[in-house]
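Got some structures for you, see below.
You will see subunit A twice below: alongside subunit B first, and alongside subunit C after that.
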Partner chain A sequence: MNASFTITIDNQSVEATPGESLLEVCRKANIPLPVMCDFKGLSPVGACRLCLVEIEGVPKLLPACTTLVAPNQAVHTQSDKLRKYRRMIIELIFSERNHICAICVANNNCELQKMAYELGMDHVRFPYLTPVCEVDASHEKYVMDHNRCILCTRCVRVCSEIEGAMTRDVMGRGFDARIITEFKQPWGDSTGCTSCGKCVQVCPTGALTPNDAAQGRLKKNPELVALLIEKREAKP
Partner chain B sequence: MKKKIGTVWLGGCSGCHMSLLDIDERILDVAALADIVKSPVVDSKEFPDVDVAIVEGAIITDQHLTEVRHIRAHSKILIALGNCAVTANVPAYRNRVTKEEALKCAYVDASSNDSAGQMPDSPELGKLLDRVRPLHEAVKVDYYIPGCPPSADLIFYVLSELLNGRTPNLDKEKLKYG
Partner chain C sequence: MSSGLNRLTDLEKPATEDARLKRIQTALKRYDARPDALIEILHIVEESYGYVPLWMMALLAKEMKVPPSRIYGVVTFYHFFSLKPKGEHTCVVCTGTACHVRGSQRVLNDIEDEFSVRAGETTPDGKLGLQTARCLGCCSLGPVTVIDNEIIPKSEPEKIVALIHEKAGI
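== the complex of A and B ==
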């Protein structure tokens, strides 16, 4: 067991253990940080960039989820600069795909929508890219709507790390990046998918949904997956 | 001196104006402080000089673009009302195809046309722009009220703040997109 040490977050002393991420330490200390891609129990990837923090002596902003604690670190989670960047990031996420809340099954049940409210987004200053996105409704129980996907990759990680099926991945780069099933085949044709639905439950938006959800009627239960992960990690 | 309000709908469904009417008897509080000098429910021609312009809908046609520029030049405060004005919303779904494809899809290819559909070409009609855009991509917008539609309470809150010389604050409790 490594000895713990103290770091400073927002001028308050917080205990940290080597190997922990800044996000984990913030959570333990009840210091709120905005996150979209992070899901407790899945490996961190730093995809959404919302949990950016300032660390004294480091010239660039770093995501708290993938930055490990170090002795004598002095971290700031709230500043005008961070608020400016977080607002920009959430607007860029909205501008990149077709997030039309009014006709989305996840309306009022969407982590992305909640986060945008939280960050005070009253409009998007960047031009909407309105990409052409597919809707894969080939699966007997679920739908993948790429219009609503934010590429957080929670579905990719839960499929490989928790279910162990590894049917999901990311293909393409930047604007063209898409979540794929197997070797980019229709979800319904996948022989590896166990139809467990964990990807649907952890998806923070209306990108992965049960196919019987009507507009604004979606109910997800990501806590169930979080509980499952916790139970699996518990030593008997 | 009473303030002047003008409202207009461009590329929208008029749902935001329905929500505006849903402020019910509170319209009397608005009327005590301001005259509604131009609106789809007020008969007048050109958009006049106003203190507050409330604009619903996205910019879809060349007529919308001309009109929103005219409104901006004749208003002290311009409010983008509702998701179509703020984000371009559902009308922007046609941005993934060309305007020709969009027109053909609606007027010629739609199965309800019984293959007898024709493109409308009356000179009275606005010409589709290449892209549907939110208001702030064309003119300066002072306040954004997202929502599809925004609630009557929110519309009344913003109006009463502005008419009483205060700045409306759309914090996270008031924001709603759907």
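== the complex of A and C ==
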């Protein structure tokens, strides 16, 4: 049933198994794809749209993380069109909240910042929305700064899928969407949070940080969570 | 919408038990408190109370074993549910394209001015809740206004204001 087949990615033949996503196949074949919301071991959501790829015969661009492989697929991961769209997407992410690297704890240690450099973003062509966002510093160890959140929902997924506490989710829609703890309560009031800090480690920006991090001094360790996920999957 | 965090005290169930609570408990039993019946039960809550109180969400989270954040996420995602009491009478003005072209903005402005209430809010006395909708699917009747679930076709500002005075008694 699970017979593998071959697909073409950037003109090279790659082996794929039914049920795998394009992103998983690309990872195995060492084909780089920009990702922001995806975290290996967590369920894919297709929130950031940075992993868009072109598939021959499909008129629209599809995110590699939520697109399953199919026999005879011919995929392109690099093209002028894709570069243009990815640039636009990262600029839109920046324009949505108040991302000011110079005063951020995650400066030089931020996946969003790194991604913007990689994609060659030198300015943002869209007007900033500058929403009024709260900072929740009620937790004894961590801070949630919604100004720096990109709604990738890695924290939501790691909390429900790995820790199993399910304290986080997304409320509202569009411009009003926010990550919430329990009934939109202060994080410190949460009775379900185990303070494990996995959400802080997987957060790609300075939105979730330990509260003792000084500006530009933040060190995160997402590899620790990745390793933990691997261990749990391999559980004897 | 984003400002203001909820406190633990907001989650406490009021001491009074009434027919509305009975209705919810019956519904919970009927659906066997299955987590996938969350939206159905929230519908019944919204119909019974006119909104979804926080303490009710806390109760449902406990009974149905659904994470609190999930319930809050669902309630804030769908416009059908509201977090605040809606008012004794409701008035919905359609601001869809067809109604807009036919002058629904004037209807809305007149109601807002007359009753000192903004769209999406309720008058301080709790008598009238004013909402907007994007197309009710009967564009040929536009501008459409819905007062207490009754559709008023070809609404004229003066007539609608008078009708609200009459129905809501304000």
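Everything that follows uses one rule, which is that the second predicted complex is superposed on the first by the 234 of 236 C-alpha atoms of A that agree within 3 Å, B and C clash if a C-alpha of one lies under 4 Å from a C-alpha of the other, contacts with A are read in each partner's own complex, and residues count from 1 in each chain.
Keep this in mind: contacts are C-beta pairs under 8 Å (C-beta built on N, C-alpha and C of every residue); 3 or more make two chains touch, one makes a residue touch a chain.
Just so it is clear, the model here is predicted, and its values are computed rather than measured.
Novice: After the match on subunit A, would you call subunit B and subunit C a fit or a clash?
Specialist: fit
Novice: Contact-wise, after the overlay, does A:Gly120 reach subunit B, subunit C, both or neither (first, second, both, neither)?
Specialist: first
Novice: Mind working out whether A:Ala3 is in touch with subunit B, subunit C, both or neither, as first, second, both or neither?
Specialist: neither
Novice: Have a look at where A:Asn107 lands relative to subunit B and subunit C in the superposition and call it first, second, both or neither.
Specialist: Once the two structures are laid over each other on A, A:Asn107 reaches subunit B alone.
Novice: Once the structures are superposed on A, label A:Val132 by its partner contacts, choosing first (subunit B), second (subunit C), both or neither.
Specialist: both
Novice: Does subunit B (first) or subunit C (second) touch A:Ala214, or do both, or does neither?
Specialist: Neither partner.
Novice: Using the touch definition from the top, say if A:Asn98 reaches subunit B (first), subunit C (second), both or neither.
Specialist: In the superposition, A:Asn98 touches subunit B alone.
Novice: Nearest approach of subunit B to subunit C by C-alpha atoms in the superposition, in Å, rounded to an integer.
Specialist: Between subunit B and subunit C, the shortest C-alpha distance works out to 13 Å.
Novice: Go through subunit A and flag every residue that touches subunit B in one model and subunit C in the other.
Specialist: Overlap of subunit B and subunit C footprints on subunit A: residues 131-132.
Novice: Help me check something: in the complex, which residues belonging to subunit B touch subunit A?
Specialist: Its residues touching subunit A are 80, 83, 86-90, 92-93, 95-96, 131, 134, 136-137, 141, 144, 146, 148, 170-172, 175-178.
Novice: What residues on subunit C touch subunit A, complex-wise?
Specialist: 1-3, 5-8, 10-11, 54, 57-58, 67-73, 76-77
Novice: Given the complex with subunit B, which residues does subunit A contribute to the contact?
Specialist: Against subunit B, subunit A makes touches at 94, 98, 100-104, 107-108, 113, 116-125, 127-128, 130-132, 216.
Novice: For subunit A, which residues count as touching subunit C in their complex?
Specialist: 131-134, 136, 146, 156, 160, 166-173, 176, 178, 180-186, 189, 192
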